[in-house]
Amino acid sequence: VSTIADPSLAAAGAARIAWADAQMPVLRSLRARLAAERPLDGLAVAACLHVTAETANLVRALRAGGASVALCAANPLSTQDDAAAALVAEGAEVHAVRGEDSGAYAHHVATLVGARPQITLDDGADLLTVAHAAGMAGTLLAGTEETTTGLLRIRGLAAEGRLACPVVAVNEAWTERLFNDRYGTGQSALDGILRATNLLLAGRTVVVLGYGVTGQGIAQRARGAGARVVVCEVDPVRALEACMEGFEVLPALRAAELGEVFVTVTGSAGVLGAEHLERMRDGAVLANAGHFDVEIDLDALREAATGGVREVLPLVEEYLLADGRRLNLLASGRVVNLAAGQGHPPAAMDLSFALHVLVVEHLARHGAGLAPAVHPVPEAIDREVARLKLASLGVAIDVPTAEQLAYLERFRAVGWPVA
Amino acid sequence: VSTIADPSLAAAGAARIAWADAQMPVLRSLRARLAAERPLDGLAVAACLHVTAETANLVRALRAGGASVALCAANPLSTQDDAAAALVAEGAEVHAVRGEDSGAYAHHVATLVGARPQITLDDGADLLTVAHAAGMAGTLLAGTEETTTGLLRIRGLAAEGRLACPVVAVNEAWTERLFNDRYGTGQSALDGILRATNLLLAGRTVVVLGYGVTGQGIAQRARGAGARVVVCEVDPVRALEACMEGFEVLPALRAAELGEVFVTVTGSAGVLGAEHLERMRDGAVLANAGHFDVEIDLDALREAATGGVREVLPLVEEYLLADGRRLNLLASGRVVNLAAGQGHPPAAMDLSFALHVLVVEHLARHGAGLAPAVHPVPEAIDREVARLKLASLGVAIDVPTAEQLAYLERFRAVGWPVA
Amino acid sequence: VSTIADPSLAAAGAARIAWADAQMPVLRSLRARLAAERPLDGLAVAACLHVTAETANLVRALRAGGASVALCAANPLSTQDDAAAALVAEGAEVHAVRGEDSGAYAHHVATLVGARPQITLDDGADLLTVAHAAGMAGTLLAGTEETTTGLLRIRGLAAEGRLACPVVAVNEAWTERLFNDRYGTGQSALDGILRATNLLLAGRTVVVLGYGVTGQGIAQRARGAGARVVVCEVDPVRALEACMEGFEVLPALRAAELGEVFVTVTGSAGVLGAEHLERMRDGAVLANAGHFDVEIDLDALREAATGGVREVLPLVEEYLLADGRRLNLLASGRVVNLAAGQGHPPAAMDLSFALHVLVVEHLARHGAGLAPAVHPVPEAIDREVARLKLASLGVAIDVPTAEQLAYLERFRAVGWPVA
Amino acid sequence: VSTIADPSLAAAGAARIAWADAQMPVLRSLRARLAAERPLDGLAVAACLHVTAETANLVRALRAGGASVALCAANPLSTQDDAAAALVAEGAEVHAVRGEDSGAYAHHVATLVGARPQITLDDGADLLTVAHAAGMAGTLLAGTEETTTGLLRIRGLAAEGRLACPVVAVNEAWTERLFNDRYGTGQSALDGILRATNLLLAGRTVVVLGYGVTGQGIAQRARGAGARVVVCEVDPVRALEACMEGFEVLPALRAAELGEVFVTVTGSAGVLGAEHLERMRDGAVLANAGHFDVEIDLDALREAATGGVREVLPLVEEYLLADGRRLNLLASGRVVNLAAGQGHPPAAMDLSFALHVLVVEHLARHGAGLAPAVHPVPEAIDREVARLKLASLGVAIDVPTAEQLAYLERFRAVGWPVA
């Protein structure tokens, strides 16, 4: 019943999954516990995620806990066909072929929804959107979502009063923010840029558009590699924080004149448009680290390139403007860490997927009572993931003593030290 | 009616206040607007804050807006008698003498509460605590509080159902956190240590106990000065974040063996106790950057110092242990940035007091409807402060275009791009 | 007369060379000047360098200046067959096939030496060594060398009184040190590790063995990416500098217990041997960024791996030890930035090769008078390269005024201000 | 025979010296060895240095080794009268009174030279200059100098063929450069600025003029404190290095428009002149970290200040320009770390003075044979100082094994691996 490219890739996929597993100690420790406790026995889970070796280890952990899992691809370009084959060989259901067209993709999403799962795991809200469109969302125990973009869609449904099931905002857990966004994308976006271009970051002016958690991670790492970093941001509080961290903060039109590398990570659209392209230096490199390929205005870029477009390196297209300047677009404006690199490091996905597992376990135990709304990840789960990660690193920390707890308590109770 | 040390210091105080004013462009711009709009006409404000040149500029802004202000000292050691004199010369009411004893202090707090103010501004919750003890809190329009410690006390009252007025948690505003804690104390705690000891941070092992926003600021700056930084933290999420920022995270007992400088900033008590002192290296420097002088166990230190205690430099006491090791306590364990330095830089206080002004204005306009509970600073005020600060820096930022707002909106509305 | 893999790759190679050229503005500006001035007319140059697109641009600049150039490969694994083909199509002589065996390699070196060049350009001193062995070095105008390793060999010859021609130590020019070592290898060594493993640097303990200029670059960048960095170094001055920059400095045996990633860059041999392997953590990653594959003791590693060796990812071999620990060796211990990445970024090679061009021009004009010894790059050339690079970045700097020059001069002359 | 302010300050001075001694473990270990070995018995040393507690410990180490020492003040403002008194109480000869005028100062220098010392220790070359002017330099065994400025003067003498004794350039030892310049002044210059102004570095634009070793230290630390740092430099190689470390490099006239804090550390004169002052922002802070007070053009500043000059804080003078802008000059343009702070931390002076001791010991043993020229500190001394410092930090490092030494040797000898 699975739809994959080539079952004979299973052995190669198993090796890749084993390597990722070695990098994912938190998920591994959870898999061991779940296999012993079987808290997910009989639970039907549908997951629309990047089909990679890391995701395969999430699926393995859920199945070890007793769940049945069906998986399709949140992005047709990120599917690792060998990992898909290995999962099927292990007994999971997978519908994903690298490079599948949008028709195939929609069909796979529909297949998963049609099978009436109890819990959905989304990376972009496609399962939930389709389930709502098909009127099937009401029968879900709950869903999870792990992108800001997906949550925008879900909150759109909620605002219209149409949200029919509880949804847990996994990507808003603090450990997820840190690992997936600041550290994961923070590193892998630059890594993707280096793989595509082999440019030297030291001494280079890097413009980071968007200073959310991910933008912070990119900006810090670019600076750590010797770049001069300029930040563009529309929110005054974030812009001020960037200033206070020593970054130069400029309006995008002014930054356009200075930048040698541009990285968009705003969640918005058209942040680099015609008027920015007009001002850029010859040889500027444009990369997008946001979820959708709309942050750089590709239409404006094509219109400006009256001299033509050519691929100068794999994943690097050179746009030749009328005045002779050349702008280099990476990965067609798609999310650069996935398209030009290998996406999040397994160590980042380790925490993200550990959160997913604990959330699914929580929903299996307590999900029945939840209202149809967007729910945060319980703080205790955040702390438990952090605790497991520290243990995997061999890092010990203190616990407050009884006296210290009493101090804080007494403090509260009697209004010490004045009263 | 004021109680100050020496009215003849008014001229010196005015010069000091003018210098601080030059460093506080945000507060200055608010003072100008309030003087024009007079939104606080007739409002009676009582403030128990550090009586410094910066606070004087807060008082001036509130008075420019029409309020009458009475001020006493949140800490008897931080009072600048010249600033107090200048304020009185301008017409404010001040009850503060540097070094006043606890009896005088309690009397001043009682005086302010007894005058039946409409709004209280607290740094440690003393006005509110006394107002509640005296049964006068119910008549307050509202209070504000700007320390974590003070909020613990207020939330203690609330938990017992005794909180009788609304309180705005100014120190939990994000701009306040950043400026007062990460940047203000982050810089001034190290500054205080350097002023007291003139030690070289490069190559030195600095142990930061507590990795909240303030601890982050201290740890980053110590690293930026070339120190090897070790972090101790009891919360696993914060401990993990410290790890991921490249800091070494250790239990305090292990850190005790390595550290050459210790800075406590936990909000808890006794985090450096007898068993830590036992393990420290000869010459270790102990400083506290938390609100109360309880983070280093001073009793344990005195007991351990069988060889005696002597002042080796102003604000540096050397404790001689039985085995010949010498431990150097700074500022008697009091908050080191105030006791050994000049406290927060005016630029940090600028934002903090701008928040206070906007919150008082907000309360004057809308406070009547608020429930007796702890309220956050409205996000719009946070953004307004950041906006004013960016303007004062000459930093321009973009605003989202109509298309971008529409993109985000459409996104929400129609579940784009799948449905 | 050339020996290359496949002439039909010329078009692909030309595109790759053009891209590199766009990243090498300094070399490009020199090519333009040399083409106009033709200072190298009639000069025969032999070069044994990495045969890559960047080197191709060096060859093009020399040929533009009038030289004839023959090129062979300093490392058979780094040859880009398409770049070789494009050079041949342009008229250069190339003897290099990716993966050629040592016999073929020795033959190519001998061919170049046998053609009696006037100037040799070496990356490892093979041309000069063979020329000396063959008794042909005395007829050379001069040679250049660009590795520390090669210079050790040449200085060995000089110490024995056998050096028969002047040699310019290009890699000891300060701009070369900075760009090739601190920035070039500093970035690309980590880049190679990430490409091979996709591991997350944040929170990871990275041990850098060797704190020379390259080790500094690696250590800084690893820290900039969020790693906890430990440095091992045998020279006390360098070790102390690492301490003062905030790095933890440890003996290698102690570091072996802590590290998750090890990078050797010492120029020495066997710095990670049996006793270090014994202490390492399960999953440790071993990479070498030094010139030769002798820094990690590969024999000791093979002996320890009683459980076998397997490739877990391309360029990642897992060594399974008797106690179940797995050690991951990257690129068989060969220099990781070349073997697992793309080597130095073009922007680093730009400066390195600009130095080469200016040195060759200098030798063509003034080389006849040089003694058979190792000579530094003239400081004026260092400054000229820096000046051209700043110009290419659009960075303007000041020049001292006449008054300032006079101040410094007067100072020297009259012993101002006392006498 | 000594000339000091007040002998009754000896006890206070002794306490201050003891505290400094506790921060100077390297000098302390040398003092112990010299006291046992007495290699300086009978040697007459004259020293013109800053008369501080740290220098007192240098004097004590030399005297422990058997030397007689006479001391005068290299800068009349830095003299600590209590330290001077304590030294005299111990039996040293001191001629220094805080704030002495230039006549007194010249007299003290002349007194020391007239006593016919065998070795001079200079901080600015005054002893050597006067000895040369008086025709007495030829009888000196040797001198040492520890400032760049002093060396310029000495090399001026040498260039004219007038240098009559050997001089060791202590400040060009690498450990001295690092500790005195990069770490010592790097930290203390900013510390002086903070003590004078209490400004917040985070988010502030700091312009560092001069990117020598000291400028690097200041720039790194300012960035580490959250400042946006702009570098001005006339040497293209240094300017390029600043770029590659991620700093913004600008001509001084452009930087003048951006800066909020300016720090000059060029060794040149008039680097901030009338045309820079014209462009500065209201409230800009001007500090000099170079040896002489000529880097900021004070005449130009006074001329521009048509609105007058007033002291707004101790050590902060506000210059009011015609257009209403206010420029704040720190410490009258004198070297800010000494004038507004406490100068180099003892830990920096520890290495500097350990170098002095070892150099004096070296000269006592081997100085007779030295030519009248400027000599570098022997590398072995540099390494010995670093070794002692690491030992004092408890940092162990490896030594190369016999195999490793043989590897490097063989390498040199046989031209391995090709020949």
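So that you can tell them apart, the chains are marked A, B, C and D in the order they are listed, and the count of residues begins at 1 in each.
Please note the rule applied: a contact is a pair of C-beta atoms (placed from the backbone, for glycine too) under 8 Å apart; a residue touches a chain by one contact, two chains touch by 3 or more.
Because the structure is a prediction, the values reported are computed rather than measured.
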Over half shared numbers or under half: where do the identical copies subunit C and subunit D land at their interface, same or different? same
Chain at maximum distance from subunit B, centres defined as averaged CA atoms: C
Averaging only over C-alpha atoms, locate the centres of subunit B and subunit C and give their separation in whole Å. 52
Distance in whole angstrom between the CA centres of subunit B and subunit D is 37
Mind pulling the subunit D residues that touch 2 or more other chains? 183, 202-203, 223, 226, 240, 243-244, 393
Seen from subunit B, its contact residues with subunit A in the complex are 106, 109, 124-126, 129-130, 132-133, 149, 152-153, 155-157, 159-160, 174-175, 178-179, 182-183, 232-237, 239-241, 243-244, 249-252, 254, 267-271, 292, 294, 382-383, 386-387, 389-390, 393, 395-401, 403-404, 407-408, 411-419
State the interface residues of subunit B toward subunit D in the complex, per the touch definition above. 15-16, 18-19, 22-23, 183-184, 186-187, 191, 194-195, 198-204, 220-221, 223-226, 281, 283, 312-313, 316, 326, 341-342, 345-348, 393-394
In the complex of these two chains, what residues of subunit A are touching subunit D? 202-203, 223, 226-229, 240, 243-248
